[in-house]
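Should a chain be cited, it is by its letter among A, B, C and D, assigned in written order, with residues numbered from 1 in that chain.
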């Protein structure tokens, strides 16, 4: 029951974040389909952030399904994750309105990085709440995708900061795509690669 | 439990979409009832989209009730449906503010079409998650209404694109009305007609 | 389970309506407490509508608790109620920004009336879904408060339309207050009065 | 079940409040990271209010978990709490946009005070709904943190009113921090201090 309400509140916040982002997509003044063209950077930013929040919701869902105990530390870590995710409508809007300029892409990357770190802190708190339970830690696996994403966020943010915001943006799009491909296929790709390289 | 959280998240997103659309209905500056008059296209667009999102919620509700298993593919297909529905406040607002001009009605039709196709993909993923279970596919029936709606969205969008936006808009209103009539009566109409035509 | 999701969706929509209304309360430009003064009509309108939506939520909650079956007709009637409630942020905002002028108060009254009628339709659909069950209709009681409110909305709307918007507004405030007083005390007042008048 | 829906509605309202506040954080016009600088008071206000709403959610969660009965009085007291919390996006926005000036900080403090008093009223109504149940009152404990916070809100509001808004703001930040530190550690600090001072 405890867990149920944590999930319900997180679902609510993530559902609102995802839907509030669309408010940045302002109704254009013209009435031809051509009037939509200038909106492409805002639209593309929206698609990217929708994919990220959707992925966070899916992962949060799986993480909580495995959890049985919710401690005060878990509640705090969850609020911390929701805080960083709640900034996404702001950073997404800034990035879209400035056509992926250096400053906004850097901030967007920092937001993704902070969200990912918060997710790790939450996961860590849940693991330590299940201390005795070896199976929980085992279920998390080696988490290549998670660790790779963290590295990618750092690289993308640094690239934007160094003056290549489009490289940063491309990296953030690539990470989102990797998460959208369902896990099993991904694992096959990884295992196929490790055989090739091994 | 798995299913419950998918439903809760979808409910949240659809509830917010439905309510955020009303924000397009801006408070008029005059204080007479006559000041409301210029709002009729925005209001009519809101009513139409409310009917559509309400219908999607009802259908989603029935579809999920029949489902027992939620796979990663189902989660993705569900996020995809929510994405297209989340664009409705934008396309609805544009259509209302431009008095059902050609461009906006075309875009609105395309949005309805994309949402309907996404719903079919979701349904398909749920069916394939219930592979062994013949009764699930049987419960879906021949789905005349669904297939007819898809055709109507294509026709309406093409009509708008061809320069008859009011024809397109009328088609979209007609489809919404068909969905608002509860199913049993609808089935009687269909069966009565097939007897007449047969 | 069926019922649970209807409740969850309605809760979501009502929660968003209640919270979206506060967006009409725009941050004032001055920084003194005196700068808040011009906001009083918007604030008062917000308080009134908050009380109404809160009351609808409470009543919806009690109605659904008594219900066991949810039919297609109930789903439609529920969507209809949510539609009229979703217009409250708009009519509330218009009334507040125009200092309870004739037009806006008339529209607000019409909105309250439409919401109340929709609630009765929903209640009727739930009663007819529980056909065989005499206890359900009995539990609803004589519903003096509900019928009196309907009458009051009609009177208040007519008063505003006739050029006395403040009379209409006062009536709407009085009805909201009556609903905020918990039922048992209310019943004692009513029974005391009927003894006095009898 | 009764309790479940009260929780769901409260979760919805609090989730929307927390997410709507971020809308005050308007996308800056410049595209350099420096363009973010003028936003710091709005951002800091957002962080503070996020911490407060998060804390209210956590406390509400614990309070409701201990409760078994929901009376009409509890429903009313809960709506009252949600009303005051729903004003936070407004008071937070005003405070942030005016760089913690006297008027806005006073109003923000009054809002925190009203919310805290409403929480006490809710708690009192739940206690009186569990009349026979001694364990409920015992579970609430001496509530040093709650009573201290009330006092701090009064002091902070008075400080702002007296012309020291930054003192008031600092007090509100300190209270938020105290609530973010999980309870057990807090208790150790308190007991350590009482030994030192004793």
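The rule is simple: a contact is a pair of C-beta atoms (placed from the backbone, for glycine too) under 8 Å apart; a residue touches a chain by one contact, two chains touch by 3 or more.
The structure presented is a predicted model; accordingly, all values stated were derived computationally and were not measured.
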Review point. Same or different: at the subunit B/subunit C interface, is the fraction of residue numbers used by both copies above or below half?
Key: different
Check your understanding: If you fit subunit A onto subunit B using the CA atoms, what's the rotation angle, as a multiple of 5 degrees?
Key -> 90
Check your understanding: Between subunit A and subunit D, what's the gap in Å when you average each chain's C-alpha atoms?
Key -> 28
Revision key, fill the gap. Averaging C-alpha coordinates per chain, one finds the centres of subunit A and subunit C separated by a number of Å equal to 40
Exercise for review: Specify, in ascending order, the residues of subunit C that touch 2 or more different other chains.
Suggested key: 8, 12, 15-16, 20, 23
Point to revise | Residues of subunit D that touch subunit C when the two form their complex | key: 1-2, 5-6, 8-9, 12-13, 15-17, 20, 23-24, 72-73, 75-76, 79, 82-83, 86-87, 89-90, 93-94, 97-98, 101-104, 106-107
Study note, to complete from the structure: In the complex, the residues of subunit C that touch subunit D are 7-8, 11-12, 14-16, 18-20, 22-23, 25, 27-28, 30-36, 47, 50, 54, 57-58, 61, 65, 180, 182-184
